[in-house]
Each structure stands twice: as structure tokens, then as C-alpha cells.
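Just so it is clear, A, B and C label the chains in written order, and each chain counts residues from 1 on its own.
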Amino acid sequence: MEIFLQQIINGLVQGSVYALVALGYTMVYGILGLINFAHGEVVMMGAMVSLSALSLMAGLPPLVSLPLSLLLAVAFCMLLGYGIERIAYRPLRHAPRLAPLITAIGVSIVLQNLAMLIWGRDYHSFPQLFANHAHRMAGAIINDIQLAIVVAAFLMMAGLMLVVHRTRLGRAMRAVAENQHAAQLMGVDVNRVVSVTFMMGSALAAVAGVMVSANYGLAHYYMGFLLGLKAFTAAVLGGIGNLRGAMLGGLLLGLIESLGAGYIGDITGGFMGSQYQDVFAFLVLIAVLIFRPSGLLGERLAERA
Amino acid sequence: MPNAHEAGIFKRQRRRILLAAILLVLPFAVDGILGRGWLRIVDFAMLYIMLALGLNIVVGYAGLLDLGYIAFFAVGAYCYALSASPHLALAFPQLFPDGVHLSFLIVLPAAALLAGGMGVLLGAPTLKLRGDYLAIVTLGFGEIIRIFMNNLNAPVNLTNGPQGISRIDPISIAGLSLNATQRIFGITLPSVHLYFYLFLCFAGLVVFVSQRLEKSRIGRAWMAIREDEIAASAMGINTRNLKLLAFAMGAASGGISGTLFAGFQGFVSPESFSLMESVMVLCMVVLGGMGHIYGVILGGLLLALLPELLRHSVLPMQQALFGKTIIDPESLRMLLFGIALILVMLYRPAGLWPSRVRRRELSSDERPDETA
Amino acid sequence: MRYVPLLLATLLLAACGKSATDQPSDSLTVRIGAAAPLTGPQAHLGKDNENGTRMAIEDANAKGISIGGKKVHFELVSEDDQADPKTATIVAQKLVDDNVSGVIGHLNSGTTIPAAKIYSDNGIPQISPSATAVAYTHQGFRTAFRVMANDAQQGHALGVYAAKNLGARRIAVIDDRTAYGQGLADEFIKAVTALGAEVVSHEYTSDKSVDFTAVLTAVKAKQPDLLFYGGMDAQGGPMARQIKALALNVRFMMGDGGRTPEFIRLAGDAAKDVYGSLPGVPLEKMSGGAEFAKRYESEFKQPIQLYAPYCYDAVNVMIAAMQKAGSTDPAKYLPALAAISHDGITARIQFDGNGDLKGGAVTLYQVQQGQWQPLETIGGQ
């Protein structure tokens, strides 16, 4: 029981990480119908920038340096997101579908290698700034950072829901998602809305990057790729374009992975084991796309309004 | 007029003969000027060209973005590795005490068929998916296949897992082993030369098939699907079967290339079939010119040779300029690929060497908003 | 547009002309090839190999060695295999083209195995300083040697230490599904089960993972008293941290991929008491070993990364065989190489029938006070 509970916690934490990243994917997809392949790399950039900022501010008390570095990372990623959209996606908004997808792959490769040139290939250890207390619940363990990740994921989702459904900007976003042309005719500045969406998604990515690095004590130029892929799976699972779906999908995927890795060996009598952990994510993705392409919670941002 | 027409045919024929002559003496030229190591690079480039041409059928003609294409290469490679090496003796010592040693000429069509079958298997459930979803699903398939190859050493040791399969028989045709220096008609042909000619034959075959397909009903139907699927099916095109055919043809080409790779290399392991390789092949197709055979060949050649060129130019240049290596050529290569992908899509969406038709299509392609 | 391909082809040819090879005629020049990844993610290890090889060659030239009555000048031909099996066969062919008398390399098993075929086809002796996959020397090539304990030898030593010296009875194993990690873990399992210990759990991860909580929790459920990880430091470090965070109370052990300063840096406090291994005898215990380390640091301005001493030994073994045979001709000195006995800085080097290191000493280490401290050497003579 204790072990089962621990696996649930592992899954929830991992799932919240996926959800944090998936929210960014879903935002962009909801508005533009575009898979921002480079989103995972933005997460990585966020982690790297905050790490550099932290090492520059090594003398300051952590209560000052951590929020400051987080802010820096967020600001940097917002700029980056804006830049990516401006350079690689906007000129192709009316091009055939393949085109932006290919530039997205290009952006992802460029960011990864830029990061490698700037920060090197080594794994960087993320400093532990606060005592990371462990809490025991019926034998299972969860620590402060992990709790923070779960809470942050829910807060972010709630915040985004508020923005999308309760503000003027949100209404403009939904309008653009519904029909760019009509929105433009109604006086919505489509380009501005899209830029803001990208910046919001990138800000989320930065926060996710910092939390992930703090949790694992690691940052690395390659960390964004697989994370991005898994988060994308989560977004699709929940119903891409749907904020609550991203959250649900993330948590589910995390649970599937941890329970799968933990118990598949026992279930199949040792025939399959945790070596197939990554297969689960892809199988879920394929199954969802084939049998329920709209995901568990269905519809895009616009239709939810 | 008839004279001019005849002259045109004559000219084209002369060009073909010239090309054939160049290709025939190429291995000797490369060997003589640059050395045999470079000929090996050219051999690998031929394999990549075959891969790129295969993917071109899927991406270029039918417009289906496949990000897991290298899986078919892997299927072909493992097919030959298992059926022409002592490896299976480990898994089934009673059945195959010395492993399996089938002839290349038997394995090759079987591998092509198997890879083609896998293509259909992958294609069938994904037919309804739109471009971007399809890309992700194929990526997933590619990774799944790699993960299985990496792990199927237990409970039955089928693929030898991450250790890979070594001691694969070299390719031999009609008793003539390509692994040794052979004398044919008084000409001494070392092993790398022999492999070059073999790869040339198969690359030629793939080019020929692609060319015939492009001009056939099938090819035109693929392009119709690529441009507008709904309109195509309204015109009576069976989009399902044609898409499956594209997947199968592309995969079969990948399978052939993989078989040749395994025989040439003598060793296969899952690390040769990573996602990055799929992206590389896609780059070749996109940069060269989607849907244009010569463009794709150029793309394949460029990208297969580029890492070598960079290594031989960037490193010495940096050493001379700064006295140390600042940018690793390996990362520079990837950086350049990434930038090239973006730039090509922005400014030359039909590739470096586009086909005339495609150029026309893309330049007049100012369709109104369709995202809604 | 039509001329673009032609232009490119010409450029290509122009860009990469064969390097001219002038040889001084008075003394015999012998070329020794070296192949390792000099670019890419493992460049630091590859450079380290190249440095070790270069030092040995410089030493030999400084000493002034004559073979068969002729004064010999050794020349290093270094190639970059990018840790890629395809590129490895290309550079192997290039080294053959360059008429090398022997090759020191490659670094990884995945590159060494396919390259070995090309060296064997051309009769050129190859000594790998670091490829540990058993398959490398079991392809039936007479030209393939290594100066490093293979996975079987190292896995065995680790297993013996775990089951006998540490008295572990319930053992859990995690491997990273790479050729190295899986090979080592399998041999470890063989060794501990032969000694009567039970493998209660075998879990897997990948060389790109960062989250090991799920597999570690699965391990925890089986209550092992020792956990062995077959993999590299970049995953081992975070894994050690997560072991601690999950309050998984086991002794943690790794092979040479984890016995690095990098591991200690990444694992932080969790590195304490972790076990690791390194083939060979600790450098400071071998004659000339400590001196080698000092010279290496002063020449290359960095500490030894991992395999440089093995490369140094590999070159010296090769030269010793040439001296013994009185010839630098691969066909002539190959038998001498197979029968050599040479006191290197990592071990006494003798080869068995396959070309593997006889004895294959392995030293166990533990992290104490933030440093890897040698505990005991297993095997060897």
C-alpha cells in the first residue's frame, strides 16, 4: 500500500510537470491550430537562463535571488517566444500545413544547439537554495518542491482559465481561435493576440523549466526535447486546445507512466518491464489520436467558450 | 522542326551517356584523388539518397509528413542482420545451430516486402489524421520500433538488444563476395568500389521507379491528394489506398537501403536508428526540394557530405584564426541544418532545386485564410 | 540552376584534397592511428584518449627507439569517429588508406565493433583502450585487442565484491539500455547469482532520463540491500539523489561509467558512500603511474578524464611488440603482440586467445569525504 501510494505520488508529480508544459502547448494550439514543436526547448531555455542568473547572484540571499532569476527566465522566454513566432511562424500563417511544422522542427534544433554552444554539453547541477523538507504520508514521501510543482500546475491552469474566459484579451483570443478573419473584421488585432499568446505560453514554459530543474537538481541542453514530446502527448490526451484537458492529460500520463513502470513487470510476469516506460506514452498518444482525436475533454479553446 | 526535335533527343541521350560514364569512373576518381575513406563516405551518401528518395514518395508526392521514417531503414537492416549472421543460434540453438545465412538476393525482396508491410501497418490507422498529428504519430511509431529493438534481447534474444548484432555476412552475389577485392574483366575492384556499384544499381532503381511513378496516374493522384484531399476524393481518387501505397513504397525503399546498410557495415545496433536520423532524412528531402527527384538527390548528397566537409574546414579554420576550437563542427552542423530548415521554408519553400511544377504551385499559392 | 550540382561537386573535391605525405628518408617513419570521438557529446573523453596516445608517442620519439636496426620516428594520425558506427568505419578506412601500422581505438563499443572488421580485413592490429563489450574480441578477428577489462571481467569483479565483500543477499539492478550499461549489468547479475545472492528486481531506464522515481519505488517494494546501476554518471548522480529523497535504504554501486568526479558533483550529498569501479590498478600504485598523472596535467592543463592511461599503455604495448618482432610490419609484429607481456601503468598487460586482457584487474572505489577512495583490487596478477 505504501509503495502504491508512493507510485501515485510519483505519477502526480511527474504528471504536474507534464501539465505545466502541456498548458503552453495547448494555449498556442488552441489559438493558432499549430503545434509549437519548439515549446520543449523554450522550457529548457528557461531552466538554463535561471540557472545562469542564479550563479551570477550567488552572493544574494535565496529569497531574493530565486524570484529574481525566475523573473529573468520568464522575461527571457517571453522575448524568445515572441521572436520565434515573429520569425518562424507568422510569415507562414497562410502557407500549407507542412511548412510551419518544418520550421518548428528547425527552431527546435537551433535552440538546442545554441544552448549547447552557450552552456556546453555538461549536466549542470541546479543549486539547492532552500531546505527541501520531506513529508511523510502513510509511509510515502513527498517533498516541498514536489508539492510546489503540483500546486503550481493547478494555479497556472486556474489563472489561464481566468484570463481566457474572464478578460477582454481572453475574448479576443477566443475570437481569433474561432475565426481569424472574422476576428480581424471585428477589430481584433490578430497579430497582437497571437504574439501575446505565444508570450504567455513561453512564460509558462519558463516557470515549468525552473521547477523541473529545481526538482531534479539538473539542467541540460537536451532536457526539453523528451519533456516537450511527453507534454504534447498529455495535451493530446486531454484534448488539445483545452486547458482543463492539458491538466487532466498531464496527470493521467504521469500516472500511467509511473504505475506502468512500477507494475508492468508483475502484471506480465516479467515479460515486459520498465524498459518500455517510454512506449506507454507513445502508445497512449497513438491510441488517443486514432480512436478519439479530440481527446478526453474534446474541443478546442474556442468551442469551450 | 523534326530536326530540332531529334537534336533535343540526341542531346538528352548524350547527357545520359555522359552521366553514366561519370558515375562509372567516379569510384576510381574518388579513390585516386581523395582516398578510399572518402569513397566509403560516398557509399553512405548513396544509402542516404535512397532513403531520401523513399521518404520523398511519402512527403514529397503524397504530402504525408513522416517523422519516423528511419524505422523502415531499421527493419531492413535487422532483417538482413538476423537472416545472414550467426546471431539466431543464440536464441534458437536447436533450430539454427550456426545461425541463419540466407543469400542477399533472397533477403532483399523479403526485407523490402516486410518494410512495405510495416508501412501499411503504420499507415492504416493514421489515414484519417491531419498533417501535424500524423507527424507526431509517425514519430511515436519510429521510437516504439527503436525501443523494441533495443529491448528484445529478453525473454528471447531476438535482436541482442543494445549490444547490436555483429558478424553479419558481407553481401555476395552469384558467389562473388563484395567483401574482398575482385578482378572483373582485368579490372581490380576493391570492396568499397564493388559496394559503390551495387548501391548505384539500387539507387538507380529507386530513381527509375520514382520517375515512372511521378508521371503515372498514381503519381498524379498523390499530388492531387497533397494539394487538396477533399477535391481529390471528389474526383474519384481512392485516397485511402493511394496513401497506403505511398507509405508502402516509401517504406520498401527504406527497407532496401537498410538491408544494404547491414551488409555493408557488418554490424547493426539500435543507436544507428535514432529520431535524429529521421529528421536528417527529412531535412534532405525538404532542403533539396520536396517532390523533385533531382532536388532530393542533391539534398541527400549535400547533407551526407556536409558533416565531413565541415569537419575538414571548420576545425582547421578555427585553429588558424583563434588557436583553439570554439564551435564544435558537430553542433555547428546541426545549427546549420536547423537554420537551413527555417530559411528554406520561409524563402524557398520548394527547396534548393525545385521541380518546375512545384515552383509554379508554390509561387502562386496565396490562398486565403483556412485555419478556421 | 542546372550548374549548381556541378559547382558543388567541384567545390567538394577542392575542399578536401588528400593531405600530402612527405616522409624523411633517413629514418623510418611509422604511423600509428588513433580513433575516438573528437567532436560531439563525448568529445572530452575522445580528446583525453588522443592526449594519452600522443603522450606515449612523444615519449617514444624522445627516447629514440630503433626497430630492426633502423631508427624509428612515430607519427600520430588522429581521426574523429563522432561516436557513430557509420563514421567509425569511414575513419577506419581512412586510417588504412594512410598506411598506419596499428590503431589505438575506438572509444565506444558501438564504434569499435564495426571498425574492427575493416582493420582485420587489412591485417592491421587494433588495440582498444576503452571498448568493453565482450562481442568486440569475440568476432574471430586476430587483429583485435584491448587493454581494458571487458564487461564480463568488470561485471564479475563488481558482482564478487557486492556478494562476497559487502555480503549483499537481495540485490536490485537498474540498467540504462545502452550497450555499456546493459552489458555490465548482465555480467553483474551472472556473477552475483553464481555466488548465491538473489536478484530481486531488475528495472530499466534510459540514458536520457531524469526521473527515476517510478523505477526506484518499484525497487523499494522489493526491499533490496544493494542497488547496482549499469550506466553513466549523468544519470547516476540524479539517481543517487532520488534514492535519498525516497528514503530507499540501500548501498548504491556503479561501474566505471559512474566512477567520475562528475558523479560526485551531480549527486551532491547523496554521493557519500557510493561504490564505483575502474578497471586496472589505481594509478598511484603502479610504477610510473603517479608520474604519468602529473605529467599529463602539466602538459594538457587538465586532469585525466578517464581512459588516457589506457591509451598510453596501448601505444607502449604496440611499440614493445614491434621491438620484440624487430619489425613494424603489421603482419610480422602481430604474433609478437599476441604473446606480449608488458608492465604498463594500469596493469601488467598480457592478452588471452581472444585478445582480451589476461586477468583483467578491477579496482573498487567508494566516495569518502567527497573523493573516490580505492578500496580493493580484484583479479589481475
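One rule holds for everything that comes next: a contact is a pair of C-beta atoms (placed from the backbone, for glycine too) under 8 Å apart; a residue touches a chain by one contact, two chains touch by 3 or more.
Please read all numbers here as calculations on a predicted model, not as lab measurements.
Q: Please categorise the chain-chain contact pattern as a line, ring, star, complete graph or other.
A: Per interface graph, the chains form a complete graph.
Q: Go through A-C and A-B and name the pair with more C-beta contacts between its chains.
A: A-B
Q: Mind checking the centre-to-centre distance between subunit A and subunit B? Centres are C-alpha means, answer in whole Å.
A: 34
Q: Could you state the distance in Å from the CA-based centre of subunit A to that of subunit C?
A: Each chain's C-alpha centroid was found; their separation is 38 Å.
Q: Which residue numbers or ranges of subunit C touch two or more of the other chains?
A: Within subunit C, the residues that touch at least two other chains are 43, 177, 204.
Q: Touching at least two other chains at once: which residues of subunit B meet that condition?
A: 150-151, 328
Q: Among the residues of subunit A, pick out those that touch two or more other chains and give their numbers.
A: 275, 278
Q: Would you tell me which residues of subunit C are touching subunit A in their complex?
A: Those residues of subunit C that touch subunit A are 41, 43, 177, 202-206, 208, 210-211, 213-215, 217-218, 220-221, 234, 237-238, 241, 245-247, 262, 265-266, 268.
Q: Enumerate the contact residues on subunit B facing subunit A in the complex.
A: Its residues touching subunit A are 59, 63, 65, 125-126, 128-133, 135-137, 139-141, 143-144, 147-148, 150-151, 155, 279, 282, 286, 327-328, 331-332, 334-335, 337-342, 345-346, 349, 365-372.
Q: So in the complex, which bits of subunit A are touching subunit B?
A: Interface residues on the subunit A side: 32-35, 87-88, 91-103, 105-110, 112-114, 116-117, 178-182, 229, 232, 236, 270-271, 275-276, 278-279, 282-283, 285-286, 289-290, 293.
Q: Once bound in the complex, which stretches of subunit C touch subunit B?
A: Those residues of subunit C that touch subunit B are 1, 4-5, 8, 12-13, 15-18, 39-40, 43, 80, 82, 84-87, 89-91, 93-98, 109-110, 113-114, 117, 121, 133, 135, 139-140, 177-179, 181-183, 204.
Q: Which residues of subunit B touch subunit C in the complex?
A: On the subunit B side, the touching residues are 33-41, 44, 150-151, 153, 161-164, 166-167, 179, 191-192, 265-267, 269, 271-272, 294, 298, 301-302, 305, 307-309, 311-313, 328-330, 352-353.
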